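The letters A, B, C and D name the chains in turn, as written, and every chain counts its residues from 1.
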C-alpha cells in the first residue's frame, strides 16, 4: 500500500468515493444478512392461532438481537458517513484500516446469531460485546484517518472533527461497558449499549472547557 | 444525532446521496434475498415429467409470495425514490427514521417465508400485513422529512410534495385493509393490497377541492 | 405510476441514476447469490486425494450451471447498461418494466439450482430456459423504453438504438431455441444459448439493407 | 461485444462508472457472503462457559479462512480500484474480462468454505490456491486493459501504470507459490500468500534499472 498514487490524475474525491461506496455496500449487505439467521419456525397441525403464537414466542429474542445489531451496524455506518463527510483527499493508507473495520462488520451476522441462539449465556454475550469493541476500535482508527490531514478537507473545522472522534470514543466506552456487563450479568449486556449516548454527553461536557 | 453538521463544508446532496445510496443497497439486497427462502424441491426417481411437475406445484404459493413481496418492496423503493427526488439538503434527522424503515424492509424475507410456508393461516397472514403497515408508517415518517424544510429543495412545488405524501397514506390504508382482511379471510389478505391504487384515487379526489 | 414528476425540479439523470444504481445492485446480488446454492460436499475419512476428487466430481455440473447463469445474467446486465447509456431523461414509466425484469433476474438462483440439481431432465431444463425467455422479454420491454422518447438522449443516433434493440431480440431468439431444445434434448439446452451471437449476426445482416 | 458505442453521446466515465460500480457491488457481496458459511455451533446443556469455549474452538480455523479470504478479496478489490483509477475512457472490451474476474471472485465463498472445512488437506488447499491463481490471472487481464489505450487517461504516467501491473504479477507469483506449497505442505499454503509483498519488492528492484 505505497503512496504511488498520482494525486493530480483525477478530480477530488473520485478514488475516495469508490472507497466510500464499497464500504456502504458492505455495511448494507451485513445489515441485511442479519435476517437470514432467523429461520421460519416449525408449526405442526392443528394450525390454530395459539399454535402459531407459541411457535413465534421464542423468536422474540432473535428479533430483539436482529434490531439491536441492525441499529448498532447502522450507528457505525452513520459514524463512517459522518467521518468521510469531512474527507476530501484520497490516501492509500485508508484502505487497510477500512478493510479491517469492514471485515469486523461483515462478521456481525455470525455473532448476532450465536448470541441470540444462546441468549443470556456469558460466553456468547461477552463475545458479541467483545466483537463490537473491535469494530469500535477499528472505527476510531478509520475516523482518525478520515478527519486528519492529508485526507480531511481544508475547510472542515477542527471542532467538528473533534466531535466526530469523541463519538467514536463514546461508542468504544459503551461497548466496553457491555462487555464488562456480559461477564457479570449476561442478560443485561445488550441494554448496556444504551449507555453510549451518556458517554457522549459526558465526553462533550469534559472537553468543553478546552474549546 | 445532533445537528453538529457544518452545512457549508460540502456541496449540496453529497451526504444525502450517501444516505440514498445506502438505502438503495438495503432495498436491493432485501428484495433479492427473498428468493433464497424458496428451496429446490426434492424429487425422487423415476424422474418423469409428472414427478417434476408434482414437486413444483406446492411452490406456486411461494412464488406468488415472492412476487407480491418483490413488488411491495419495489413500490416502497419507488416511494423512497420519489420522496428523495425532492430532497436537496442534508439533515442528520433523516438517519434514524430511515434506519427504522430499512430495518423493517430488511426483515421482509422472514415474514414472506413465514406467511408463504403457512399460506392462508390467520397469524402468518396477519403478521405479514402488520409488518407492511409498520413499513408504511416508517415510510410516511421518512417521506414527510424528505418533502419538508429543511430537507426539501426550494424549487419543489408544495403540490408535488402533497401527492407524494398522499401516496404514502394510501399505502398505509391499503396495508391496514390487508391486515383487517387477514383477521377475517386470511386467503384474501394479499389480494387486498391491490386496493392501494383505489385509496390513492380516493385521496386525490378528496384533496382536489382544496387545491 | 402517474407522471406527476416535475421535470424541472432536478438536473438531468438524477432520478435515472438512482434507477440504474438500484438495478445494478439487484443484478450484482443475484449474480453473486448463485454461489450459495453450491454446497460443500461431504467427504468421509480416510481423507485421501482420491476421496476429495470423487466428492468434487458431481459438482462439475453445478459449476457449469453457475458459470452459464453468471454470464447470462452478466449479459443481461451488459444489455441494460448499453440501453441506459442512451437514456438521458427520467420517466416514471420505467419503474414497472424495470421491476418486472429485476424480479425475473432475482429468481435466477432458484432456477439455476433446480436445473443443476436435476441436470439433463426435461422439466428443470425447460423451466430454466423458459425463465430466461421471460427475462429476455422484460429486457426488450425495458430497452425499448430506454432507447425511445422521452427517455432517450437527443444526440443518440437511431442506428445505435436499433443495434441495441436487435441484440435484445437476438437474446430472445436464442433463449427460445434453448427452450425448444430443452423439450427435445434437455442435455443440449444450455449449449443452445451459444446461438445468441449467431442470431445477432443474422439480424444485423437482414436489417442492413434498410439502413 | 462490438464497438458500436458512440463515444460522443455521453460525458467521460459514465459507462465506465457503471462498470466500476457493478464490480464494487459484486466484490462487496462476495466478501460479505463469506460469513454465512460459518454456522453457529451446537452447544448442549449444561451451558457452562467451558462448553461454549469447546464448541467455539473448531471455528478458529474457519475464522482464519474468513479473514484470509476477506483480505485477499479486499486486496483484489484494491487492485481493481487502483487500475480503474487510471481509466478515463469506456471500452466495451472491458465487459468480458471484468465479468470473468467477477465470476471467479463470486465463487470464493465456496472455495473458502471447502478449504476451511477440510483444513490442511491437499486437494482443498490446492483448489483454494488454484482458484486464487485464476483470479490473479483475470486481474492481470483486466488491469492491462484498464491501464492501456484506449481506456487509460492521457495524463496518467506510464510509470504509474507499470507499478500497478507489477503488483498484479506479484499477486500471481504469490498465489502460484501458495498453490505449489499446497501440493507439498497443505497446512502452510495460506501462509505462503504472505510472500506477495516480497515478490512486489523483488519485481520493483528488477525493473528499476529500466526506469
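To be clear about the criterion, a residue touches a chain if its C-beta (ideal position, glycine included) is under 8 Å from a C-beta of that chain, and two chains touch if they have at least 3 such contacts.
Nothing here was measured: the structure is a model prediction, and the numbers come from that model.
When subunit A is laid over subunit B using CA atoms, the rotation angle comes to 90 degrees (nearest 5). Of all residue numbers that take part in the contact between subunit A and subunit D, under half occur on both sides, making this a different-residue interface. Subunit C and subunit D, compared by their mean Cα positions, are separated by 25 Å.
Computed centre separation for the pair subunit B/subunit D is 35 angstrom, with centres defined by C-alpha atoms. In subunit D, 21, 25, 29, 33, 36 are the positions where the chain touches two or more neighbouring chains simultaneously. Across the whole structure, chains are in contact as follows: A-B, A-D, B-C, C-D. By the touch criterion stated above, subunit D contacts subunit C in their complex at residues 1, 4-6, 8-10, 14-15, 18-19, 21-22, 25-26, 29-30, 33, 36-37, 95, 99, 102-103, 106-107, 109-110, 113-114, 117-118, 121-124, 127. Here subunit A touches subunit B in the complex through residues 20-21, 24-25, 27-29, 31-36, 38, 40-41, 43, 47, 49, 52-53, 56, 63, 66-67, 70-71, 74, 77-78, 81-82, 84-86, 153, 155-157, 160, 163, going by the rule given at the top.
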